[in-house]
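Quick one: this structure, given as structure tokens, is what I'll be asking you about.
Think of it as A, B, C and D in the order they're written, each chain with its own count starting at 1.
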Amino acid sequence: MTDDTTSAAPHPPHGYTADKDAYLKRMRRIEGQVRGIARMIEDDVYCIDVLTQVSAVTKALQAVSIGLVEDHLGHCVVNAARSSEAEGAAKVKEAADAVARLVRS
Amino acid sequence: MTDDTTSAAPHPPHGYTADKDAYLKRMRRIEGQVRGIARMIEDDVYCIDVLTQVSAVTKALQAVSIGLVEDHLGHCVVNAARSSEAEGAAKVKEAADAVARLVRS
Amino acid sequence: MTDDTTSAAPHPPHGYTADKDAYLKRMRRIEGQVRGIARMIEDDVYCIDVLTQVSAVTKALQAVSIGLVEDHLGHCVVNAARSSEAEGAAKVKEAADAVARLVRS
Amino acid sequence: MTDDTTSAAPHPPHGYTADKDAYLKRMRRIEGQVRGIARMIEDDVYCIDVLTQVSAVTKALQAVSIGLVEDHLGHCVVNAARSSEAEGAAKVKEAADAVARLVRS
């Protein structure tokens, strides 16, 4: 009986599984924007214009984070809460820590 | 006598009820810090020192927010999730919107 | 000859001096908002409504910070830059550190 | 044929020119991290671990922004301040607006 999955194991479905394709599309767009910023620096574009673009990418990443938090609360946290008090409390602590990292980033 | 208060009614217990005194103490300290910044401006303290203090108060407020989010998830969201799927989903949406406001503030 | 002022001494005019009254008014309004949050907690207002108000105060404080940074750049940094290369560089470093604290708060 | 390029034209040197290679290296690393997040989503990695990584990339982008602001203040703003009062004021306004976008992102 080798069940060595941890609670955080990479096994679907996770909160974001239903929207996986949409998230992948957003990440590819963000990757393109990051490459675009490198090109702006390469081409000696004016500092302020580079900064504006960096702020735009930061905002796009935060929007992804907010989506992931919502999906996580709606699936993993809700399911844990229904499963048992202890599991609910553990998932809540973990989610709150992730929100704290997000707010401070 | 039907008491049809809404779910958002100002009736305890809420997520923060158990820590109410601690939250009140933190808010009074923050109020004192805000008054201190006004006094710094009044006394013509150097801009950078005022800015440092404003950043400290912003951080203190964000720490309060993070605590409130954790308490809210651990009580209101968990209870709603146990109560019914619809109530859980509604509370998750509401909590995610609050996190979004927090991240963007 | 006892002139023991430091470079950061509380001597006007600073960047914000011209707008001092406006800043004091904003800080008093923020102080009132902070007191209002304490009252909400005292009155057991719903967590999410408290959180919304904390986000509003955080935003108001950040707006004050942004104003102080602009005033500081426009006076202290510009004057230092005109005075000498070394003074300009020192004020720029100090301002950039303040911006970093602001972004991370 | 008078070439009256604007002050914001993509002509070096800008504030970041001296550190161009270092900035390009940082952007390439960030690009790799963004691609890594896409791979985590592809591989169904646990939501919280994805979120942690998104927060790390957001922090890395903000560090780039803070560096660009410092370089911009130290070169473009200082030079403008030395050139004339009007140019200094214009660059300060522009820099403060960029800081505001940064703080709000």
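Brief remarks on what is shown
Here is the rule we go by: a contact is a pair of C-beta atoms (placed from the backbone, for glycine too) under 8 Å apart; a residue touches a chain by one contact, two chains touch by 3 or more.
Everything numeric here is computed off the predicted structure, so don't read it as measured data.
Residue numbering at the chain C/chain D interface overlaps substantially, since over half of the positions present are found in both copies.
With centres set at the average Cα position, the gap from chain B to chain C is 22 Å.
With centres defined as mean CA coordinates, chain D is found 31 Å away from chain B. For the pair chain C and chain D, the distance between mean C-alpha positions equals 23 Å. Within chain D, residues 62, 65, 69, 95, 102, 104 each touch two or more of the remaining chains. Interchain contacts close the chains into one ring where each touches exactly two others, per the touch definition above.
Going by the touch rule set out above, the chain pairs that meet are A-B, A-D, B-C, C-D. Across the complex, chain B meets chain C through its residues 8-17, 20, 23-24, 27-28, 30-31, 34-35, 37-38, 41-52, 54-59, 61-62, 64-65, 68-69, 71-72, 76, 94-95, 98, 101-102, 105. On chain A, the positions that touch chain B within their shared complex are 62, 65-66, 69-70, 73-74, 77-78, 81-82, 88-89, 92-93, 95-96, 99-100, 102-104.
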